[in-house]
Structures are given as structure tokens and as C-alpha cells.
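Structures are listed in the sections that come next.
Each of the next two complexes has chain A plus one other chain: chain B in the first, chain C in the second.
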Partner chain A sequence: MYGRKACQLVKEFAGGEKGQLTPFNSDLFEQVVAECSQHHLELQSLIRKIQEEGLDVQTTRNADHHGALIHHLALVRNKRCLMAYVYNRAEVMQSLLWKIGQVLPQEIEEKLCHSEIEYFKKHSAALRSYMSKVQLDLTVDMVPPKDPYIQVRVLDDIGDGIVLKQFISRAYRLILFYMKNMAWPLILLKTLHLVILDILYKS
Partner chain B sequence: MASSPVEGSSFPLDDYEALLSTTDVELLKRAWRNEKAAPEILRFETDLTDRIREQIQLMEETVEEKSAAGINPLSISLYQMDLDRAQFLLRSYLRIRIQKIEKYMFHIAKTDELWNRLSREEKSFTRRCTDDLKQHLEESVLSKLPENYQSFQRQSVISEQDDMVPEPQLDTFVVCRSKEYLTGIQLEDGPVDDRQLLSKLFEMEPGVLYFICYKSIKALVESGKIDLL
Partner chain C sequence: MAKYYDIDDIITEEEIVSVIFQKEASGVGIDPSSETDYIEAGSKLRQAVSVNVPPCFNQNTRLEIQADSACVDLRSRCPFFYEFGCKVAPLVGDRTIGFLLLSAFKNRYKEVLTKAHTAAFTAASKFWSILTKEEINMYEAAQSSMASFKKWRMGGPRLQKASVLGRKRKSTE
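For the complex of A and B:
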């Protein structure tokens, strides 16, 4: 049936988990593209037939006209599906850029087609260039800051002073573990040694 | 966020609240909230963001100075908290706009009214984005289609207007509040009354929350009379 393959393609995307990519189905994709060419051939031959019969293509409303129309509509529908497939995948890639950063993990890159990998690189370059122009890294600070303190676990002795300042300036990126506001004066009094066990980035 | 004026409250408090609500951070918070809630991109607050940047720098210097001088850590942490919040607001404001641009880049690029709302940096970002995505679409789909079907904006040459460009939905509902008494708001697409074909006019009381179609208050949001929440 006309348009079934294209529909499958879109369903495959929509059926996947939201925000996740399925492997680029180039096999089905090419089949739909081939179907488009086939439609176009038949469309043209029908129009030629109308012309050969000496009728006006614009006004004729015979069986050939309606046949040609069906081919046109099927083609346009296929195009919409192909575009939706590629466009929506591009949108997922854009959102991945915010979530996982500029470098694609191997397992995601394997799911992309060549053009998509190129697009991801270019788009991330565009974003980087914007951020350097406004002199702000927009990929940090994704959640509103709640507390200027960080929770860390005490493991080892780190010098104070410099360390504290670094903590302050990075505080919004980290998750506190067990120290609350009380920790600050204690650290300054050196009754507590601060050591990072692991830095948890908020997803 | 200034609370709605209470009857009989003393004037100095009102003045104080009025003053509070006009600080740059409050203004940015307002712009940020509007941007967050509006389905389309709003005018970029060039002057405001410039001022905020200066203030952030000033705050950073203050924190540095104070911590170098070894002043009471509590007061430093309060400054730091303020600084963090301002920075978050600015970043989040720019981020929301960039994400909107990513979503509707073709629509923004071809609509002059929206295009003029962008900052200089956003414009060059949009230009790059549209070029990249267009190239990607052309390479993977359009170049493989028959000649009359290769536009990324139109389904085929027969289409009379651009019918393949994603646009923001302006008829979504938003929560909003007005600062003053507004009258004569026309609700579009309201139920057509058979007896009188007069469309209903809507009034807004100051400080009351309304849940309303964005399209009908669009102009008032743009002119700053209504705040989105």
C-alpha cells in the first residue's frame, strides 16, 4: 500500500523511548526514497498521457488526473515522513547536546548516519561559538542553586583556604552529602577536614 | 515577587516593595519567567542583561575581596548565594532562548518580527543553525527526492505557502497576572454566541491570576502590561 513504509519509519521513531535514538534505519529509509522516485515516474507518465490526449493538464478531471493526484499525494506524504524522521532525530540530538555534552559516546554515534554525525558536530560547534561570544557556559547551572554549600565526604586532608574558595565558586554544580551550613565555620576552625570523595554532577 | 497590595498597608512598605520590584535582578527574574512561559520567543533584554553582567562581576569582586580579607564567613556565603542566583538566572534566561531558537529556527529566521527580537549573538547562532540543519536535511532527504519536491519549507512546488516549517503554538494556555486594571481584551476563538455575534470582551483585575489563551494577551505581554507565570 502507498505510504506504508514511510509510516513504519515514523512509527519506529515514535515507538522508541522518548529522548533516545534508535539506530538509523537506512534500509527502510532508502526503500521509501525509492518509492518516491517510482511515484514520480508514474506521475509524469500520467501527465504525459493527458497531454498526448490533447487535454489541458490544469483543468482535466479524468481518471488519469486523479491517478496522478494519488501519486502526488503519496509522494508528498512520503516526504513528510522522511523529513519528520530526520528532523525529529535532529531534535533529539540537540537535546542530547544539552544533556551529555559535546562529545558523543560510542554507543550513540553508532546509531547515527554519516550526515547526522556531521550535523551533531556542526551544531555543537555553533553552540560553542555562541557561548564563547556571550562569555558564559550555558551547560552548567542547569538547576537553580539551593545552597552555597557542597556535600562531600571526609576522606583525606586537603589544605584549607584555596580549597574553600574553589568550593564556593563551584558550589552550584555539586551535591551536598552531609554537611549543612554548620560546616563552614567548622572548616574554617579546622575542626573538620574536607575531602572530595566523588563529585556528583546533577543530571 | 511583590505580593498583591493589601488594603491599609502603610506607604513606606509599598515604596519599599516598589523599589524591590524594580531592581535589575527582579526585572531579569520577570523577563526569565515570561520567556519561560511564553510559547514564542520574546524581545531580548539587551540593556538589562548588560547591567546584570556588570553586577555579577561586581559581586564576584566583592566576594573575592571579602574572603581575602577574612571577613565573617557567613556574610560571604550570603553574598555568594546572591551571586549564584543571579548567575543562574542569567544563564537560564539565555539557555531558554537558545532552546527556543533550536526548536523554531526556520520560523524565526523567516519571520522579520521574531528575527528582530534576537540579540546579535543569537542572530549569528540562528544563521549557523539553520544553515547546518538545512544542509543536513538536504543531504539526507531532499537531494534524493524528485526535483519539484526538494524544498525544505514547502511540501512541493504546488504548495502556496511554507507548510513544512515548525511554528510555536500560540493558542496554548498560560497563567498570567496583570499589574493594572485592563479591559477590552478580546478572546479569540471563543464560543460564537448565536444571538449576538459580538465577541466577548474580557477584563483583568490587577494581581489576580488568570488562565488564558496566549494569543489573546500576546500584545499585552509584549508591551509588559501582563506578566506570565
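For the complex of A and C:
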């Protein structure tokens, strides 16, 4: 049946948890695109047929017209499904950017297709440039914090003079209070994970 | 157009209706005599096909809704019962569908709201399975409103003594 595959794609997205991404189904996506071009070909051949019979394409209402109409509607429908799939994924990615910061964890990045990663990078670059313009990190503290300081533990040797500066350089497993917005990027970087927030870790 | 990207709206329109072709259509890859099509196509093909009343609005369902609408399992019939009903009603030209939807919604609305505010989670999960997607959204909204109301009423101490003050006093004692 026409339009079935495209809807499968949409249903797959809807089946996932809210705010979570499912792996980009490039296989099915390609199939839908192929189906679209098939529709396009058939549509063209039907239109050509009407023209060859010397009839006016705008006003004829014969079998060919209705066939072409069905192909056209199937095409529009497929397009809508594809657009909705991409659009909704992009929205999820945008919200991820606000939630988890500028660098995507490995397991999420695997779920994205190439152009989506590109989109995420560009979007975060745009946000970064805006934040540098207003000189404020907007992604921190979406909910007002009770205390600007948080307790963190150094999990790894961070070497000298990175973000935390001399203050805790080479301070392995030290527990200390630190400004939340400074420590946050380090907490989010799980791969390079340097510092952990005890409270968060437990919850 | 506002709903163009709406996933739920797309899935609503995927509901299958049986149609009868009134005009010939050539070059279509399916046997027109047993064609099934989705409604969006139906809405524009209105002159070319006639749409039958979908099974979820048949006589059986109507009788059940009249008897006790709150207990009818609408979800298994159609996950977007109301939206789908609104979309399909002008196509099939059945004026009674509107009344059916209205009466079903009115009766179920009360039930959903009371259950959302009172029922415990375990009891609710059974009740969930008969709700349509629209009703579940409503149910969740009701629950979250109740949760925030409770939070507001019980709430944490809103006027907290600054921790610095407390410490100071202790040290002087």
C-alpha cells in the first residue's frame, strides 16, 4: 500500500521514549525516498499520456487523471512523513543541546546520521557565538540552584592548569566545593570525566 | 499547516478506511475494487471515491458507548478515536458521528479526571489500557496538575533561614 513505509518511519519515532532518540533508520528512509521517485515517474508518465491524447491536463477528469492524483497524494504524504521525521528529530536534538551541553556523548552520537551531527554542531556553534556575545552561559542552571557551589570529587588526574587551574591541579580524589557553572562542563564530559558531583551521582 | 509536523496527526491519518472507487483510476498499483486508502487521500479524492464508515464507529461500538461509555475499550478500536472521528465525519457524510463523539467524550471526561486525581498508580495502569491517546494526554495533564498542587500545598519551607545565620548563632552559643 502506498505511504505505508513512510508511516512506519514516523511510528518508529513515536514509539521511542519522549525526548529520546532512536537510531536514524537510514535504510527505511532511503526506501521511502525511492518510493517517492517511483511515484514521480508514474505521475509523469500519466501526465504525458494525457498530453499525448491531446487533452487539457488542467480540466480532464479521466482515469489517468485520477491515477495521477493518487500518485500525487501519495507523494505529498510521503514527503510529509519524511519531513516530520527529520523535523522532530531535530527538535529532540535541540533540546538535548540545552540539557546535556555542547558535546554529545558517544552513545547518542551513534544514533544520529551524518547530516544530523552536522546540524547539531552548527546549532551549538550558533548558540555558543550568541552566548559569547551576551557573555553568559545560558545552558547552565535551567532551574535556579539553591547554592552556586557544588561538591565535586576529582575522579581523574586532570593535569595542570585546565579549567580548574592551579587550584586543584594534580588533586586526585580530592573533594571540594566548586562553582557550579565552572564544574558543569567537566561533569558532563563523561568520557574525559574528571569530576563528579556526589549528589548527582547518587540520584 | 500548524500540524504539518505533528507525529500524532500523521498517525491519526494513517487509520485505514475502506473506500469504493466511483471513477476509474489508471496506473495505480493496487486493485481498485478492493482498494484501501488513508483518509488524507480520501479527503481530496472525494469526488472519485466514496468512503465507508470505519469499523470503529459501527453499531456495536455505539451501543457500548450508550451503555457505559467509561468502560469501553476505545484504544483497541482506534488510538485516536476523537481526532479520527472529526476527520472522517465530513468524508462519510454521517451526521451521527459528531453526536457519538461528543457524548462519549462528555461521559469519559468525568471518569478520566476523577481517576487521574484519585487513583493510585497500580490501579491506574489497568484503566490506562482502554484510554485513547488523547485521553491519556489529558490524564497525564490532570495528574501533573495534582502533583504540583500537592507540592505547592505541602511544599518545602519557603522562608528559609540563611544557613550563614544559623551557623553564626551556634558559634556564639
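What to note about this one:
Convention: the second predicted complex is superposed on the first by the 144 of 203 C-alpha atoms of A that agree within 3 Å, B and C clash if a C-alpha of one lies under 4 Å from a C-alpha of the other, contacts with A are read in each partner's own complex, and residues count from 1 in each chain.
Just so it is clear, a residue touches a chain if its C-beta (ideal position, glycine included) is under 8 Å from a C-beta of that chain, and two chains touch if they have at least 3 such contacts.
From a predicted model like this one, the values you see are computed outputs, not experimental measurements.
In the superposition on chain A, contact is made by A:46 with chain C only, not with chain B.
Once the two complexes are overlaid on the shared chain, A:64 sits against chain C while remaining clear of chain B.
In the superposed pair of complexes, A:128 makes contact with neither chain B nor chain C. Shared-chain residue A:5: touches no atom of chain B or chain C. When both complexes are overlaid on chain A, the residue A:118 reaches chain B alone and has no touch with chain C.
When both complexes are overlaid on chain A, the residue A:75 reaches chain B alone and has no touch with chain C.
Judged by the touch definition given at the top, the superposed model places A:144 against chain B, while chain C stays out of reach. When both complexes are overlaid on chain A, the residue A:83 reaches chain B and chain C alike. Within chain A, the residues touched by chain B in the first complex and by chain C in the second are 80, 83, 87.
Residues 1-3, 7, 10-11, 13-14, 42, 45-46, 61-64, 66-71, 73-74, 77, 80-81, 83-84, 87-88 of chain A are the ones touching chain C in the complex.
Residues 4-8, 10-11, 14, 23-30, 36-38, 40-41, 44-45, 48 of chain C are the ones that touch chain A when the two sit in their complex. Within the complex, the chain B residues that touch chain A are 63, 67, 73-74, 76-77, 80-81, 84-85, 87-88, 90-92, 94-95, 98-99, 102-103, 121-122, 124-125, 128-129, 132-133, 135-137, 139-141, 144-146, 149, 152, 155-156, 158, 164, 166.
Within the complex formed with chain B, the chain A residues making contact are 33, 36-37, 40, 72, 75-76, 79-80, 82-83, 86-87, 90-91, 94, 98, 113, 115-116, 118-119, 122-123, 126-127, 129-130, 133-134, 136-138, 140-141, 144-145, 147-149, 164-165, 168, 171-172, 181, 184-185, 188.
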